[in-house]
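Alright, structures below, take your time with them.
You will see two complexes here that share chain A, one where it goes with chain B and one where it goes with chain C.
Coming up: the complex of A and B.
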């Protein structure tokens, strides 16, 4: 092993809390980062990974923070350094790509101005030289037309472009250590795949070390050689990425891997019981109450980080048992059992629905054509059946949810409930129709009134739909909370006092208190940690079994869709590309877009074949006529695809797709993508 | 960080002084009949222009009226007018602001342009126009204050509500088919209550200043009603000879304005509102 460039020794960071004790957020972490090393830090939100990442830059945020231990860069301790010297190291030696680049770029300055600032401070480059270098950096990020990007403002760029600009800015000072905090969170799978490929290329043959912090095991598996799994502020397992993910030694790592939805899985993702507690003590294992392997020794002695091989360490008393134990997810619900609960008549049908948005324009005298976001979509939902709508951001899937719930008036087509046409807007619909179709939103922070208690939040639908008084509603509220695996203690809490998963459970409870027949789930699990996500998916599947509710499941994560949906519809730019039973569509995709999406799904351990995704130079603009996917299609036929709308082709049963190519051409393309098979 | 009184928000010395001052003003206004040493309008020309003494703690004016008594009673006038105006401005302004933000579209556009027009008129000029047109007297002053301060409240409340209207919890309420009044009352109001409180305290302090200013110019309450602005005007001719009649009402105005300002700042801080420059 090389001499470490950046060393963290016995680092403990504690934040003061309301009861004037200190809650440790990072506990006794040691890690040595050598030149050229790519290390991933993974764990659920609140495990201390971001705090650790910022500490690597000598940055401790917040007042009254207690720090023990050291961070040493090239022999100098960062915490003892005078601010001016630290300022020099940041950017030039150690650089950070912060989470959510869109918000960390200054909105009032051009991309050039922001990157040039780094160059001026750290490399004394100015004027023409700076411009040349900025354009070069942007070109290195594989941004097409870098000179044009450099003159733009952050809001004029897409999410993926913003992330590349942030990366270019971090690399401008030619740092020796690059720290990335959740670099791909919030990006589309295809954009994520491209960015990770870029990161791989940038760091592969250089001496630059990289620390990548993410909650997504797939991202780490794809990019890092080493991985560090954190739980409640402690490192619970570390080692070579392939080894750790192939044969996890810690029950938490096992749980995380099992909770991750996989395309090839035959069961629902495994939901780890309980939730993370910060109150870890020296007398017991922090993971104790969630651990299936726990024994009496775990409650009396905290395990230490034990080196089991040269670079492999684990913090568990029973790691030998854990390592050799097989099939952790045998308790999870098998997918095969999940035939639709009810059959027969369509409950909800969407027929030939198109939706448009008007672009506001300051030139009020100009008639701008409305922008088409959903084009002639058909969906049929039967009771007890889940239909997934998948696609990237901007594919029109959320607009579809708004049309179904009556929030957006479609430009053409109708929504039918029990084979009768529903009025287009929610105000025109009957109270009963409103009750029977419920919507669960993506972000519970926005969908729950921050000033209402859980009791009040869950009382509202009962008051509106069933005319219950608060006293009458209470027993229903409590029994619903119990179904959500929450209890009466939550009644008087406000959303701020709940964790992300708990908030989403309350939002789900609110929808089901209306006793709906159809629930539209708009990205309901995408903002949550994998373990929370797994438990919510399990919950949704259980409720569906009990009640026979139909779900319209809108998601961008194909592995999640594979786990819960009976049928799937793949949308690109508002157009249906392919549809059919999920198992068939995902096993034998026929549309090139479906193949791209599937190949971009990250797996643990990582696949050997790299995903292939072409994105167009600029934002995809939907041009009328022809195939909407032609600009990104690897096998587009020059004139045919641009001019002629592709015909529907049938594979088998309900599995259909829209493409000009015959199935054998598509089959050979499918072979090139080397998709995982069940 | 160990606080000896964790149940109280940490209160700084200036804030404490502000709260105490406001309390003194309220006590004096409410308890005027008992606290004032003389009736405010009793003329005693034998004792005109007296300097502060044990008989007349703040001295007397040109008619021999006790200045302390007039300052105490003047507080009643100032507080009644400013609190009534502030309450009306915030209630009406809040209501209009919520409606305008929720309904949006052309209603919003028209209302806001009217408000822009009103706000573009300098404050004191607007007040003078209203008072000149409608005459003097307490109800007219209150009306004038409401008309000139309500537009600002409407703007602030509209902006606050606009932030909440597109939020998913309002969308969820619409999906349930809730009545607009329920959406406003149950979903929106708890979220804007903090802003309403701050608006109230802040507007009240400005209104105190405006009321005194109007009275000073002779457009306020009618003499011989004891009023701080009026007192300053009446006694400024003899400022050198007998400064008492001017200084004490001025101190009263200043302390009330400062205390209201400090308290509104504290309310804002407790609610965590970032109070930028607002009109």
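Coming up: the complex of A and C.
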């Protein structure tokens, strides 16, 4: 092994708390990064991985303090260095790509100005030379028309473009170590796949070391040779990525892998019990209360990080048992068990619905044509079924949810409940129709009133729909909370005192207290950690089985959709590309877009065969006439696809798709995509 | 951009037209009309009728409004009632000049001082300097300007007698003659202004200094000094432009009080005496001058904000760009 370039030794970082002690968020972490090494740091939110990432650049955010330990770069300790000297290292030797590129790019300066600043400071490059270099860097990021991007301001770029600009900015100083903090969080699956492929191409065969922090095991499996799993501020397992993900030695790593939804899984993702503690102690194992392998010694002695092979370490008393144990997810619900409760007449039907948005313009006298976001969509939902709507951001899937719930008036088409037409807007709908269709949003912070207690939040729908008094409502509230696996002590808390997963549970409880027949779930699990996500999916499936509720499940994560949905509709730029039973659509996709989405799904361990198809750049601009997908389609037929709307073709039963190519051509494209098979 | 400026100016003209109408109506509905005001105790029904006819008060209000506005635009602002034979335009002219001197000095010093103190306090948050500045500004904000003015007058004008407590020079005096009398009123205005703007600037600087993009600048290796000058200050000042404009516009109101306290011969004092004399044409003219000033400052601030904020500016480019 090479000599380390950047070393972290026994680093402990904490936040001072009210009792004038320090709560550690990073605890006794050591890691040595050699040139050319690509290491991933994984764990759920609050495990200290981000704090560690910033510490690699000698920065501690917020009120944090370094308790002890060092970060050493090329023999010099970053935390003991005068600030001016540290600024010479940052950006030039060690660079960071932040989590939220949109907010980390200065709003008042062009892309060029921000990248050129790095060049000016670290390489004394100015004027024409700087411009050339910036354009070159942007071109390296595979951005189309780099000179044009360089002149833009951050808000004029898409999320994927902003992330590439941030990456270009980090690479501008030609750093020896590149630190990436959740680089793909919030991006669409296809955009994420492109960015990861780019990262791979940029870092492969170079001396640049890379530290990638992510909560997504798939991202790390895809890009890193080494992985470090963190829990409650401590490293619980580290080693070669392939080894760790194939044969995890720590119960937490096992749980994380089992919680990750996979396209090929036959069961629901495994829901790890309990919650992560804020910080570890010396008295017992931090993972104790969530561990299925725990024994008495775990409650009295904290395990130490033990090297079990040259590069493999684990922090567990019983790792030998864990390592040889198999079938971790035997407790999770098998997918096949989830036979729908009721069949029969459609409960909710969406017929030929189109929706448009009007681009507001301050020149009120100019008539801008409305923008089409949903085009002639049909959905049929039967009781006890889940229908998923998948697509990337801008595909119109959230607008569809708003149309169904009456929050957005469709430009054409109708929504039917029990085969009667529903009025277009929520204000015109009957109280009962409103009660029967409930909506749960992605972000509970926006949908839960922050000043109300949980009891009050859950009382409201009961008062509105059933006219219950507070006293009458309370027993219902409590039993619903119990179903959500929250106990009575939550009644008097306000949203701020809840974790992300708990807030979403409260939002789900609120929807179900209206005793709905249809629940529209708009990306309800996508902002959550995998372990929390798994338990919420389990919860949704359980309630559905008990009550026979129908779900319209809007999501961009195909693996999640595979786990919960009976049928799926693939939406691109407002148009349905393919639809049918989830198992069939995902096993034998026929539309090139479905294939693209499926091939972008990350797996753990990493898939060995990589797609052979070159994915054109992200462009979802909707053009009229022809196939909406033609600009991104690898097999588009010139003229025909641009001019003629593709016909519907039937595969089998309800499985249909829209494309000009016959199934055999599409089958050979499917082979090139090397999709995972069930 | 140009069309935005055009549109903004157009809407300002509309606003001005409405404001003028309100001023006109407000002075119309005051008890008694111009004729009663002019004649005062000498009013007999006969003389009133004669004067009304002479002043054309019997015509409908809307017609008189348009006439008044038309004459106003042409520079014919009429004659003062309380000061017979005095044309309003030159009368207001010299007072406006005095007030502009006073508020100009106060405005420039006040804005610069509050930016300086606000930026430094924001950057050195929670130091003794920040605490001191914040406390003083809180005190400054909570005291009305006439209290501050009277205090200053008492200290520097009466107890130490360093400066004239009230103005005794004539309105048409030169700048140098007027200058000593301007110091205390200007200081009063500066104190109140600084108190307001400084707090705004300070909190804006703190927000920006904690933003992700400033943190990113440090992580890029940008030296501290450059982060402050290139990243923090420009971004922190843009949101305060409108606040500054509002405060400067507030100066008009403040100037009335301060001029009265110090007996300074500006439009403020002129307005107080015009109101008590029921000199309606003069009140109307002064009201319009104030409105023009107020609206003008706000336009300048809006355009400046737009010009300095890419997100807003490019909104108006997009049409040409795409």
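Quick note on the criterion: the second predicted complex is superposed on the first by the 663 of 678 C-alpha atoms of A that agree within 3 Å, B and C clash if a C-alpha of one lies under 4 Å from a C-alpha of the other, contacts with A are read in each partner's own complex, and residues count from 1 in each chain.
By our rule, a residue touches a chain if its C-beta (ideal position, glycine included) is under 8 Å from a C-beta of that chain, and two chains touch if they have at least 3 such contacts.
Model, not experiment: these values are computed from the prediction.
Using the contact criterion defined above for the overlaid structures, shared-chain residue A:144 touches neither chain B nor chain C, since it reaches no partner. Of the two partner chains placed around the shared chain by superposition, neither chain B nor chain C is touched by A:277.
Contacts of A:434 after superposition: chain B is touched, whereas chain C is not reached. By the touch criterion stated above, A:88 is placed in contact with chain C alone, chain B being left untouched. When the two complexes are overlaid on their common chain A, residue A:100 makes contact with chain C while staying clear of chain B.
Of the two partner chains placed by superposition, only chain B is touched by A:426; chain C is not. The part of chain A that touches chain B in the complex is made up of residues 16, 20, 64, 405-407, 426-427, 429, 431, 434, 438-439, 441, 443, 446-452, 460-461, 464-465, 510, 514. For chain A in complex with chain C, the residues that touch the partner chain are 54, 57, 59, 61, 83-84, 87-92, 95-96, 98, 100, 103-110, 117-118, 121-122, 153, 155-156, 169, 173, 362-363. Contact residues of chain B toward chain A in the complex are 1-2, 167-169, 171-178, 186-187, 190-191.
By the touch rule above, chain C contacts chain A in their complex via residues 3-4, 7, 211-213, 215-224, 226, 230-231, 234-235, 238, 308-311, 314-316.
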